[in-house]
Amino acid sequence: DVVKVGVIAPMSGPFSAVGQTWEGATKAYQKLNGTTAGGHTIEVIYRDLPDINPAQAKALAQELIIKEGAQYIAGLYFTPDTLAVAALAQEAKVPVVIFNASTSSLLEKSDYLLRTSYTLPQMAVPVAKYALEKNIRNVVSLVSDFGPGLDAEKAFNTAFVAGGGKLLEAIRAPLKTTDFGPLMQRVKALKPDALYVFGPGGPATYAMIKAYNEAGLRAAGVRFLGTGETDEDQLRAIGPELLGIETGMFYSATHNSPLNHAAVKALAEVAPKAIPTVQLANAFDGLHVIYHMVKATDGKRDGPKALAAAKGFSWESPRGPVKIDPASREFVQNVYMRVVEKDSSGRFVNREFRTFEMQPDYGRIQGAAK
Amino acid sequence: MPSPPIELRFDDVTTGYAGVPVVEHLSFSVREGERLGLIGRNGAGKTTTLATAIGLADLMQGRIHFGGNDIGGATTYARARAGLGYVPQGRDIFPSLTVEENLLSGLQGRSAGVALPPVYALFPRLKERRRNGGTQLSGGEQQMLSVARALVGQPRILLLDEPLEGLAPMVREELMDAIVRMSDQLGVGCVLVEQHVDVVLDFSTNVIVLERGVAAYAGSAAALREDEELLNRTIGIQKC
Amino acid sequence: MSFALLSSILVDGVTYAMILFMITVGLSMTMGLMRVVNLAHGAFAMLGGFLAASIPQRLGVPVGLGFVLAIAVVALVAVLFERTLLRRFYRRDDLDQMLVTIGLMFVATAAVNLMFGSSVTSVALPEAFGGSVDLGFRSIPRHRLIVVACGLVVVAVLWLAVDRSSFGIRVRAAVDNAPIARAIGIDTTRIYAATFAIGAALAALGGIAGAEMLPMEPTYASKYLVILLAVVAVGGNGNLFGSFFAALLLGIVETSMKYMVPQLASAAFFLTMIVVLLFRPQGLFGRQA
Amino acid sequence: MSAVIPPMAMAAPPRARPWKQLRAEIVLTLAGLLAFVVFPQDLGLLTNMATMSIFALSLSIVLGQAGIATLGQAALYGAGAYVAGWTALYLTTDPVAGLLLGGLGGGLIALLSGAVMLRSTKLTLVMLTIAVAQLLLELANWARWLTGGDDGLAGFEVAPLFGLWEFNFMGHTGYFYALGALVLVYFLVRNLAESPFGLTARAIRQDPGRVQALGGRVYLHLLAVYTVGGVVAGLAGALTAQTSKVANLFMLDFTTSAGVVVMIVLGGTRRLAGAVLGTVAYMTIHHIASTLNPYHWLFVIGSMLIVVLIVLPEGLIGLLDRAAAYARRLGGNGGAR
Amino acid sequence: MTPRLQTRNLCHSFGGLAVTQNVTLSLPQGARTALIGPNGAGKTTLVNLLSGAIRPKSGDIQLDGRSIVQLPQYARVRSGIVRTFQISRLFKDLSVADNVRVAVLQRLRASMQWWPSPARSARVHDEVHETLGMLGLNPYANRVVGRLALGEQRLAEIALALAMKPEVLLLDEPGAGVPQGEGGRIMSAIEGLPKDLSVLLIEHDMDLVFRFASHIIVLVAGAVMVEGSPQEVAANEQVKQIYFGRDAHHAQPSH
């Protein structure tokens, strides 16, 4: 028999690279782990959702569940789309494994949501700790004015100030800005020790880094503290600009473990064009959870049982040890501080140099502390 | 004159719009210095005939010669450059151009310094208003501009579609005089479409009367003037 | 407000404005002359940028020559588009024109995505453009100064070549009423093709020059469309000087908000535009319709 | 003398023949039911088609009939969606109340923004509509506490329709709810288009100055048309929010406005049926293209747009007209011989 | 008796160009007045001022003794002042009947109606065809206006004005572009108008002018030069020089 997994992914449009990597990652996973789980054949079906469009997200999920008979929904890049699917999942009792959407409070929206990506507080708090370790006293935070950016700003600043640091200013840039020159000038005038940054990725990140370098912040010794700015796709596009920049993240393609090497290699074989970014780990682990749930339910459609099995599940992922928190269903994982370097073959890579082990979603914890 | 006179000739022309014939089996010819009149009721096909000559209607059958060449397939602008001048019905001034720019647009590569003064002399009003927007002119002034725009290109044969519309009586006279002079002195050939039969009869040597797209009369103006029955039937004119 | 802040706003505002101007000038030319609202303008800029990024690498030519080739290719593509498609739309209403160019934009986006991938591509500048210039109170990247210079040169050249020559008259006549323009001897076909090609070439130039600030990626064409149109509309429907000053106004407004209340920078941009258009519907320098 | 005019047999004024008049609505209903029977498993997509058709109809009134050039229709659509969301969150979970209030919300935004914009024309107007939508978007993003910012407004419930039918994940209720709304809106909008109000709107599209010279109050008329369009767009937004249980910023985005323009142009701007046809065609093609090969979707829609604009300037509805005319010719000939 | 329409010292200028200079004229009830003058004299501008399309720089316009100079265009139309355009302005994509219908609906203030009552739509329908009949346009009722010959469009232009059942009718060169033979149709339509209707006719065709007018005003360079009966104007040397020209003998009152 066949158990179907419906993945809603940006296969076209501006985020098509994500869809490509997800598709490659699920193939890679099946190449390494076989196409069956507990004797049931797992079939992965992709549906394209290029932009934020909750109505369409819901229609696609409906179609996957009703027409294709999918027992699991996965993927989902944007939070609003995930919200629409969450409402449906609750009604249909279908487990949903989120590959990306990272707003902190998202999992509270339905009992059937799981997530194999991350939340921003989970990354930002370790980065704040690292900054304090490095004796950085004054920072300016600069985030894009959207959900994840605000999550990151709040988590980092709270942790940093709680640890004795001083926040000089929290700047929010309009989401569509690509001219960061003025903002960087303003940062420069504040003379911080470091700049904490979170942007929406893509062109904005590119422009942000450019502006950081061009405004002379790097030359003036203002450290750059980031999260996803040095993802592997950015490294390919603007590597030289990123050299020496430090970020905290849960995965890099060069993470040194046999499992990771195997995953990256498999991806290169099944999808030569796909880039091994964090999305590789997200989809890879997402499928792993689904395999686990299929085994636990013996391939039957039983949402509550599948969820029960997933809670507290822990395993070794390409990113290191991971666990699904039984209470919050959030992913618990290592966060690595990395620095961008040129490797022996001249490629730009993230070199991990400091590990914060098994970090929880600090959003919840900070929220509860207040 | 060393070279043979330039001639515009229609041979058994059927023409219309989008495949629907409006004018059928029309033949005529005008040479330099000659003046042909075209009259007929509303919708008889006068405009369509002129539009066909310049290439703005679909030639469906027959041939059009100009200056010895078959121009039936030539582009409109090539016909204009070869010496066909066109004064469209309804003026068609370019709204985004000033008066002077409208004139300059018709230069066809000639020098403005040479081409403009004569038409300004003919229509002093245009000179006064030359910096105004073309469509800000009064109706009659626009009509002057439309004629002037055709003249700056120094055409050999001039197609005039109701050039007198909206002009004051005195200006009409002046304009008709000027055209007659041009035709006599410079040898410009003319095809005139005009609602006022008297004007056409005075002006032309030959006249064609169109009746629902077919030539009901083609012959000398003088003979037509006598044929009141025909005039009445085809145009609805009763001479008093 | 301190002097340093004020002068920083001015410097950044003006350079940003010049980049806006460089990218929009081609659009304001096609709109002013041809009255075609070319929503694919951004696509030409994008094509220019991507070609400029890839030609020097692939053909191994110097960067500067690569730029020239990129612009030429874009002009060629534009002529092809104009000849085969756009010319059918001159007599149609604005909406159809907008949509056929949106169609082109979609196709261009898909094509660029296919050829160059979906991530940001950086346009390598010639060596001489790198580095910064010290202004005393702060430094400014040299390439930005070059963009400003480019903008000024472009406006001067266009003013001489288009606004003041019979070429401009013939284009406008051709667009006002093509059949009549032909009937008085204007070769509308050539005129359209040439104008459109020049507009597209300018777009490519603007795209390349502005790539540092508006980075090249496949959604470039649609992403900056609204900004481009805003500059043109505020400037006055294709008036060259209009877009020059509109770019200055909008650029400085947005930049100063970035210094002061960054969250409201985009809102300020659009609010400025609304205010200008309400009080001067024809734009700053537009002719009254 | 005076030309004698032969007495003409005058065409009789249109008389009420209900089933003939309701032809379009009947066809629409039957098509909707047929779709339900043939594609019972695609109700999600079909529901979206119905709601988007309503959105397209709103644009068809504003742009197709009155010629108000807009690339900011999303402002009205999004407004309806948020109002429906707020209604469910804070007022009542009754779907019909949410729907109507959503329509009012769209109409209100249209009235307010139209009042300042509609004295402008052409590109200026287009730009103003874009700017208003962008401004609303910035505002909604800023007011996170009210709108949920970019995460969207979610977590609201929708009570069973008329207290009877629950909106479940199978989507039956949602579909018939949307289809019913579409047929009703179509009926109202068609009457509007055929009415004196609609004829005057079309006249204004062609020459506002001439209407003014006939004593028309062009500005007020346009404002009325725009407000009606706003109500319809608001209904569409509310339906979308209720069936997907999310209202979000993207509904206010430029892309949404541009998308719906593309839909009505595909179908044909001048006719209401074109709006529905274009929407269905667009969404079907998207669905098929993105299932087959999502990477090429933009390529497909872009080239299709170009081809339709060139080959079928009247839109897909023009194709139907031609087919009908052809069939009539065949039928006519057959009958004559 | 107060005249229907009256202007006092009306002035207007475009930029530096004074196109209307101290124009004081009056149009009594039932007037058949012609306004003639050289091209660019300001005749169309005067119509624009009277109909409210543009506002004068100074001076007053009165309808039945009441100043209307502040009223917007629609209000003036509603009080009965209707004009035609020298260059036809029609709804080119609509049929001839629908063009006229737009006008009828305006007059009946029914243009905002969403649900037409059957009785009213029948009335509109009848009026439309009645108006078309006055100009012999019935055969063209269902033709799209944009595809008519220009002369036919002229007739439709006038039909639009007649459909408004005006009390003061401003006709701006209704005969322009209509062949001599068909000019009669326009004239008979105008002659068929109610006798108490006041008409101001602008025309360069002297046959039409003299056939129609009982009073003629000559406008030159924005100012009234002479006015009087057709005979007086025809005999005026100045007018002959400036306007009629050599062919003055054509300009003869025909009755």
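First chain written, first letter: the chains are A, B, C, D and E, and each begins at residue 1.
Going forward, a residue touches a chain if its C-beta (ideal position, glycine included) is under 8 Å from a C-beta of that chain, and two chains touch if they have at least 3 such contacts.
Just so we're on the same page, UniProt names per chain: B, E = ABC transporter ATP-binding protein; C, D = Branched-chain amino acid ABC transporter permease.
The shown structure was predicted, so the numbers you read here are calculated from the model rather than taken from an experiment.
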| item | value |
| --- | --- |
| Chains in simultaneous contact with subunit A and subunit D | C |
| Smallest number of contact steps required from subunit B to reach subunit E | 1 |
| Steps in the shortest chain-to-chain touch route ending at subunit C and beginning at subunit A | 1 |
| Per Cα centroids, the chain farthest from subunit E | A |
| Centroid comparison with subunit D (C-alpha atoms), farthest chain | B |
| Between subunit E and subunit A, distance of the C-alpha-averaged centres to the nearest whole Å | 74 |
| Separation of mean Cα positions, subunit B and subunit A [Å, integer] | 75 |
| Rounded Å distance, subunit B centre to subunit D centre (Cα mean) | 49 |
| Centroid distance [mean C-alpha coordinates] between subunit C and subunit B, Å | 44 |
| Set of subunit E residues in contact with two or more other chains | 182, 184 |
| Subunit B, residues touching no fewer than two other chains | 236 |
| Touching two or more other chains - residues of subunit D | 1, 3, 138, 255, 295-298 |
| Residues of subunit D that touch subunit C when the two form their complex | 63, 69, 116, 119-124, 126-128, 130-132, 134-135, 138-139, 142, 254-255, 258, 261-262, 265, 269, 295-299, 301-306, 309-310, 313 |
| In the complex with subunit A, residue positions of subunit D that touch it | 41-45, 47-48, 51, 138, 141, 144, 149-152, 154-155, 168-171, 240, 243-246, 248-250, 255, 290-291, 294-298 |
| Residues of subunit C touching subunit B in the complex | 35, 166, 169-170, 172-173, 175-177, 179-189, 287 |
| Touch list for subunit E against partner subunit D, complex | 51, 53, 73-74, 77-78, 82-83, 85, 89-94, 98-99, 101-103, 105-107, 110-116, 118, 121-122, 124-126, 129, 133, 136, 138-139, 141-142, 160, 164, 182, 184-185, 188 |
| Partner subunit C, residues of subunit A touching it in the complex | 12-17, 145, 171-174, 176-179, 181-183, 185-186, 188-189, 202-203, 205-207, 210, 214, 216, 233-234, 236-238, 241, 273 |
